[in-house]
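What follows is a single structure, written as structure tokens, with notes after it.
When the chains are written out, they are named A, B, C and D in that same order, and each has its own residue count from 1.
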């Protein structure tokens, strides 16, 4: 399959929602060490809301799906992370709009716009111990590849490494920043969610492609 | 010495105050099991206030001393126990009034009036797991003797036995009554104070007589 | 769960005096500190009005010092933690509340409060002052069965009585009428409390009673006196379903009645929990046909930092409703 | 000391909705429940007045829902526990507060609140509504050094801003003037908080952070964010002596200034402790020549059942004093 259409986008988000829901408690535990312990509960509820919102759409276009996900994440999660994860999808909407199906190049642009949305909104740089530490390398790795199969595989690996890299960092954004040095030694939950997201997409793609 | 005058009454109360102060924490612990854990602190503070009030009197009569003790206990302790321990002294005042020195018979009457004051005020009977369980037998034992030496000795023994007897009782007065069966197995702190009081007087008397 | 034993205090022996200094300094437009640990109104009520005095142990803040002020009490006599003040202080309080039309001494029923009030009244009598009377107030259905109401303890629901009586005594009423109003309010009030945790005494630093995490005790007194028994803690709705019927059946409150409702926080319950509990109370009262006139939810009579709450209901008629709505300005009770 | 993990709730997923139902039922004379978890005034303010909206996570009750009412806020948008509501709800709140003279969105500065408010304003702009503005409020001196005030967190001291701004917006003022007044109140307000214990999330049942019995943390945020560092807990007077200078020196408050004082209870401090703490605050302010205009002591912005408190000061001039004294009738803020 060389392009991704509305049905595949919906299935992809559904695959992510399922995996995030399985990892809910693990994500809560990561957040308990660095924040307020709710990241798994809220990201999972938000993705569930997203797939419900998508299911309620009538013959959606690709951008309708991306917008529904953006809104569900923002409004269902709330908090900084809702705004940030939501912005990832929101910034992709304009890139997708008008396109029926997305090829690999389109998806490069969607992910790049999403990363930019996240960074414009949240001001986090790589090294600040946030989800950007997983998202930025994943987007870059994806862009360096030529097809979806290699893209998702490399993105998943890069996201996983990026999440791991947050362990030794000292947070400069989000709640964890108030912990200072005391936060070192723990993986950032948002970064872990990004790793889970790309791993889920990669698995979904391989089971499918 | 066959009679007790103002100076001896003051010394007697001072002896009690000292002993109660030494037992303060032990009394608090007893009260912690049955009540709010403050009995030692408050009875000790009250007796300290009593000796201060007595020291401030100018050439006091015997009844002045008893009245000062009554007021100090009532007003300094407060609570049910202040009213009850204070009533013990208050009811003795009328018996003493006009007498310069007290003989053994006078002291019988003072203690008996005091016990009556306690029971009129607090409505506790023997067996209700209160200080009455120590006071009533002590007063009776004292009255059965002919001189102070035997009197204080027997009162101290009876008060000690009376205090011990409260261990297995179920409280029907005071805070401990709300504990019901759960209060069984603990000595009543007020009864222990009465035992300490008569033991202190007995020691003071023997060191002195 | 263990209670917090480190308290932000200085010398344990000074807590009551320092607390009173702080409180009266903070609310100097409403109260002033008299001698003998009396909390007085900043501006005494007019001559010729019945004075209202209330004594009691401390550890229940904002009760009672928070109810001194216009439309509420005239004088609060503050005792040591959980310990009624002695008769001398009560007498001082009665004198301070005297505006020439008599003084009503209000007693929240506990043995210590009653005994000291009786002593104080005996001293008053001995002094020949006959314009003083006393009313014993109680509301806790768990502390004695129906028919033996006068043996019950005074708990959070007495808040209704202070407010109603306070408003009443701003008017030109007699001491007898004031006492009758207090009894009317009392006789229409019922409460029941529960706890999830204990508290630690700031005096001794000791935990007041033991309660395991995940257990609850129904029928708590205001000083951690244990109640009707211990059981596994339930959900919010289940807890209300257990506590409300004994209150309703006791008076009984009946379909068509109107009631004031108080959910009292004994210390460290969250308002979030209390609102969730209130939601069920409202549902159940509606089902029973009992109309809620006004509700109050918050820490009114605390037991230090105990986690627990009480439900209190007061049946009101037109007279009591008007008194409830009358203005009041205590530091911790403001009726706009 | 471990936090109490058993909460009197029902389903953890329903706590916010059930809390709002209970709260709005209890105070139906003051507030009503809108859709989208909006708490609205029971009687909306007159047309032609600037509307005041405030969003925020729950878990801080009585903040913010307790400040909706006459002389205070128009709308509170309630989020999940410690989680700012998303932009859609904020937009709904802005619409509900619109009385034709513009709406000021007040943001207590936390990343989540600011980001979602920015998103909401971007959506407003996209819709072409230009009568909406936003003001970011902060007061916590521990969260960023002097000179970087705009990076600071919003904490308990913002209570001053809501009250002053609420009174201001009862008058015939413009949106620009309202924003300027909010900034004036904010720029005169400073706070610092401390904690003795943690709290447990009613959603996850987990303790929010670890704090050993007998330790304290100075510089706590409103959600248990840790602060300037941990140390052995001190006495009341020592704690005030440690916390007050950084507040005074920051503005700085100077001899001759007049200030409002708030001692905010983060949850399970006893009022007894707070009064004892206040006593020292009053002594120290007197020594510094700072006059206390009015004081408030109690749970205003809580962090669930955390044991801790904040000291907040707001320097006032004649304008702010008059606004402070103006009547207010929120469920948990009444100015008589």
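Just so we're on the same page, a residue touches a chain if its C-beta (ideal position, glycine included) is under 8 Å from a C-beta of that chain, and two chains touch if they have at least 3 such contacts.
These numbers were taken from a predicted model, which means no experiment stands behind them.
**Q** Chains shared as neighbours by chain B and chain D?
**A** C
**Q** Quick one: chain B and chain C, Cα centre-to-centre, how many Å?
**A** The computed centroid separation for chain B versus chain C comes out at 33 Å.
**Q** Counting in whole Å, what is the centre-to-centre distance of chain A and chain C, each centre being its mean C-alpha position?
**A** Result: the chain centres lie 55 Å from each other.
**Q** Just give me the whole-number Å value for how far the CA centre of chain A lies from that of chain B.
**A** Once rounded, the distance between the two centres reads 76 Å.
**Q** Let me know each pair of chains that touch one another.
**A** A-D, B-C, C-D
**Q** Taking the complex as given, what residues does chain C use to touch chain B?
**A** 57, 79-89, 110-112, 115-116, 118-119, 143, 201, 203-204, 206, 208, 221, 223-227
**Q** Which residues of chain B touch chain C in the complex?
**A** Against chain C, chain B makes touches at 28, 32, 36-38, 41-42, 71, 74-84, 86-87, 121-122, 173-175, 178-180, 182.
**Q** Which positions of chain D touch chain C when the two form their complex?
**A** So the residues of chain D touching chain C come out as 1-10, 15, 18-23, 25-27, 29, 58-59, 61-62, 196-197, 202, 213-214, 233, 235-237, 239, 261, 263, 267-280, 282, 294-299, 302, 304-305, 307, 309, 327-329, 332, 334-336.
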